[in-house]
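By letter and in written order, the chains are A, B, C, D and E; residue numbering begins at 1 in each of them.
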């Protein structure tokens, strides 16, 4: 049964939620989620690229020859990544600094290339856009959630965006941040436990 | 920073996988068996040395010269993708034995953050050519080392009675975290 | 001729040497008491509190996990209590209760249970928990600050901090004999050297510990400390100092020897121990961390599956 | 049964039982009302079976379920078949049990078909008539053209603990052994045989005319595989592929010699019987006698939860019922009280390494068991030397987690072998 | 052959279009990016040091060359007088170079403030040098003649606990800045005249 437009969109939020269901695109998930803001920023940047490349690949799919399709995908994706890079430098410079090397690395994020190959090259433009947006938003939420958990425990406070923030010490005055969480090993372990949690709910 | 420090830093202190979080998909994907881990490790070393140096040359002598620095991402990924293709074809024809060993891992490398990441880091850290060469090689050695050690643990974990929701990727991530913790041993050694 | 007798039908062999996990745990706990009791004597009720809370919470965490994962209750094997004890032995007596409970959570749940329980943990659970806590709350583990309120009849400065900050000459006031008899500050169960050695030797003689690991670990420390000391006697303290301070002895006898994260073959055990000892001194002398034992043990746990592949040829295989 | 020294640093030493000077004469147990024979064949062709209920059986008659089968037993008494029932033996093997109501002492009749064969001793008639003798001699190895037999080895030592059956024959019947060895050499054309004995019996064994080799007193040195590996390296045999040698027990050799010289079969089995209190007695019973008859003889009573082991403590099997009969290869029977039993467990291997230190075959048992528990038998065989195991049981004896390692190994080997056999028959 | 041609054509067209688009975006954002870099990397540090100045210090800047290196100095005007300058120095921290903006009152020869610009220290440890005021606030009011160092090295600055290396690097940077300030003070006083009114 072919999926409706809405279903193509919503599947990215649970059924195929990256990086939990599709275990792809792990590097940024681990690398930038020291805070919620970083996670969301990274997610939005990836969503932009995902949406754009899905749209363009799907649009051009009748023109792109089978043999050089990967090369074409890469050029398209890399162009969108560069655009994001430049735009972020111009308008959200502090975030750009924090995300560092992971912005150019969107180009090799398996999710983006994976969707181009597995979905956009085979489906109509509208569906591809829904797919890209859904997967992108799912990814953004996952990154944001992981960032929130790590920041809350590791820093004692969460900055959602800009000035909107919550400080754990307002509820537990003597809480000392568990900074293991914002360090490298904490990233892996936290993601592993979240994956366990999601698996347990899924069953 | 002398070359000795650079080497220690690349392999241990700033390990590409465990400290910089680059190349995690192949790290989790090819570590279930020791054999595949060794194969992937070797393939990454091979490609990374080529990619790291070639992108350095292209960046320094083409992009910078002609003011095209903003095309870095697109240029690098095209170089890496074609390089992998080329290496694959070359090995298939000239060294079939090596191809048989590394062949299946090569395509995985195109979308491996570690390769792209090291190329970008070489530029960001303003390395000289020789430094870029050494760093690329030893970052890749660090990748291979972490991968092989991880595979050793994972072979055992696969046989253990891990609770259902934790099985496979979840426990692998947690173990990876512990390896990353163990690598803190080398903090401050350079 | 039909009888209704119900005989026990089971598998060969029908003799067993009687060893069991709980016997082993009990004996290790017993051996550790030799070091823990003097520690409690030195630090008073606070230390007793930390030890008991640590053991109790480790057992409760394991019970909780048994319950959640619907597996048979496994606290009876004494392993959880043992982990709690090992963890407490490394802590300063002033550790707050919430940190102890968090620590045993990481040791028992993250370090052991999620891998499938006893025998499956790739790293020593107690060491893992220690490093995680030290990363987060470094000031709780700063022995100099933590034990400030105690009055001792000896120099109350953590010896390794002195050697790290001021070089070898700063550690001259420590006579090796004093160090051996616990006249130094440190973890509850990790400073009374003679007790740790006695406990360790007991475990070795009873066959609960593989002597090769303890021995080569100490040799590794001795040799590498000696090398550093010869190279630069001003900066690097001698082997005796390294052998008797920090977590060296508890590491050699109680931590590196943990079963499931250490090798079982002869040559691998030697490599494992030597590497651990050498890394310890390397970290202490040129790394960031004040004491290298814990990280060195994590690293050798990590290489254990690889080195344990070195093994004798099986019967009928090869030359 | 717990055997361990306080100091565990050294490897555990398990000593073989050594027959002593004052060994009492074996207790001869009279035939009871019934004997039972277990035949390693499924009772599937029940319709055209060779035997049916009510058929008479003579003493010394071959009992088998199909003509020309290599699996047969020799009935130790004459009588009438009263029951035929299938049963499932160890590792799921389908077998059949035949119950024979024994004729009275006076009306015993003997099967005479061996009389003519014994005039011209040959490997063929040995295979066709003697495989049911006590000690269960195996002549099939001589008919495998791919692995020619180069040496005959007679085990005058017992290969499991507590047993003294084989030693008894060396000590008391060395002349019969000599006769048996000469006969074996004659029919096989092999020039000499090797007699393996414990050190104490070296002197006595000398008069057998065979080459004498001694094994030391520590388990499992009398294990055939280890004998091959350590002692017979100089012989022209392929110790690696475990072939080229025919092993016989000293009891079997005595019985073979007697069969050819007298034309009659001696069908009483010598068994080392170990009662609950640890007393060891040699008993001589007609093959097929149910255990209950022996228990009655010694007034040994069993309770629920006690354990009966056929075979030694390391390698034997425990049985369900006291009806289980003495078979040609039953060397030892051990009765254990409920309170002496150490229970097994379902705890995972804790990697203590005890098993690795004791394994005489240098197997990484700690790794092997992980694969076996996960059911990955092929990997276990490829990477962890499953087939190097000589089945001594030492690993289970020391296992701190009390894992039935040895049983897992047997099960794995059995599974792989039957898979291989199935593949070959398909190909 | 047709295939081949198509492949080449598609790839070429795609690449050139991509190149063109990117060039355009690059051009369009170039000036904005430069402004952002100044505002966000050095800006916050400068503003925190020169808080309350009546001018825009990021615009009021001059450069002095010392050997090969060229340093930018940002001027703060208070009460109509250009009394204060801020400039950046570097020290080697735990994870790499740490940039430290140092503000000095030229008339009083006193430190008016110190702030971290760039760093790659551990979050929660060394990163607190930038995120929390505990370390940098200690410098305010010190005389330029003093040599600064952490208490462990016999100085006056309390290190961030668990991050002595970072704290030491900040001290080193400030120390360097003060030394070079004393060297070029006359030149500074000269340059500073042109600002304020």
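Please note the rule applied: a contact is a pair of C-beta atoms (placed from the backbone, for glycine too) under 8 Å apart; a residue touches a chain by one contact, two chains touch by 3 or more.
None of the values given here were measured: they were computed from a predicted structure.
Participant: Along the graph of touching chains, what's the shortest path length in steps from chain D to chain E?
Facilitator: Minimal hop count between chain D and chain E: 2.
Participant: For chain B and chain E, which third chains touch each of them?
Facilitator: Expected: A, C.
Participant: Taking mean CA positions as centres, which chain lies farthest from chain B?
Facilitator: With centres defined by C-alpha atoms, farthest from chain B sits D.
Participant: Among the chains here, which has the CA centroid at the largest distance from chain A's centroid?
Facilitator: D
Participant: Kindly work out which chain lies most centrally, taking the average of its C-alpha atoms as its position.
Facilitator: Answer for the innermost chain: C.
Participant: Once you count every C-beta pair in contact for both, which comes out on top, A-C or A-E?
Facilitator: The greater number of contacts lies at A-E.
Participant: Taking each chain's centre as the mean position of its Cα atoms, how many Å separate chain C from chain D?
Facilitator: Centre separation, chain C to chain D: 48 Å.
Participant: Could you grab the centroid distance between chain A and chain B? Build each centroid from C-alpha atoms only and quote it in angstrom.
Facilitator: 22
Participant: Using mean C-alpha positions as chain centres, tell me how far chain A is from chain D in Å, no decimals.
Facilitator: Roughly 67 Å, centre to centre.
Participant: Pull out every residue in chain A that's touching 2 or more other chains.
Facilitator: As it turns out, chain A has residues touching two or more other chains at 71, 75, 78-79, 82, 86, 177, 179, 183, 185, 189, 196.
Participant: Quick check on chain D: which residues sit in contact with 2+ other chains?
Facilitator: Only 348 qualify.
Participant: Using the touch definition from the top, which residues of chain C touch two or more other chains?
Facilitator: Counting only residues that touch two or more other chains, chain C contributes 110, 114, 116-117, 119-120, 132, 135, 288.
Participant: Which chain pairs here would you call touching?
Facilitator: All chain pairs meeting the touch criterion are A-B, A-C, A-E, B-C, B-D, B-E, C-D, C-E.
Participant: Please name which positions on chain B make contact with chain E in the complex.
Facilitator: Its residues touching chain E are 70-71, 74, 188.
Participant: Show me the residue ranges of chain D that touch chain B in the complex, using the header's touch definition.
Facilitator: 348, 370-371, 373-374, 376
Participant: In their shared complex, at which residues does chain C touch chain E?
Facilitator: 138-139, 142, 165, 288
Participant: Flag every residue of chain B that touches chain A in the complex, lowest number first.
Facilitator: Contact set of chain B toward chain A: 18-25, 28, 70-74, 76-78, 81-82, 110-113, 115-117, 120-121, 124, 164-166, 169-174, 176-178, 180-181, 184.
Participant: Quick one: which bits of chain B touch chain C in the complex? Just the residue numbers, please.
Facilitator: Interface residues on chain B, with respect to chain C: 148-149, 152-153, 155-157, 160-163, 166, 171, 174-175, 178-179, 181-189.
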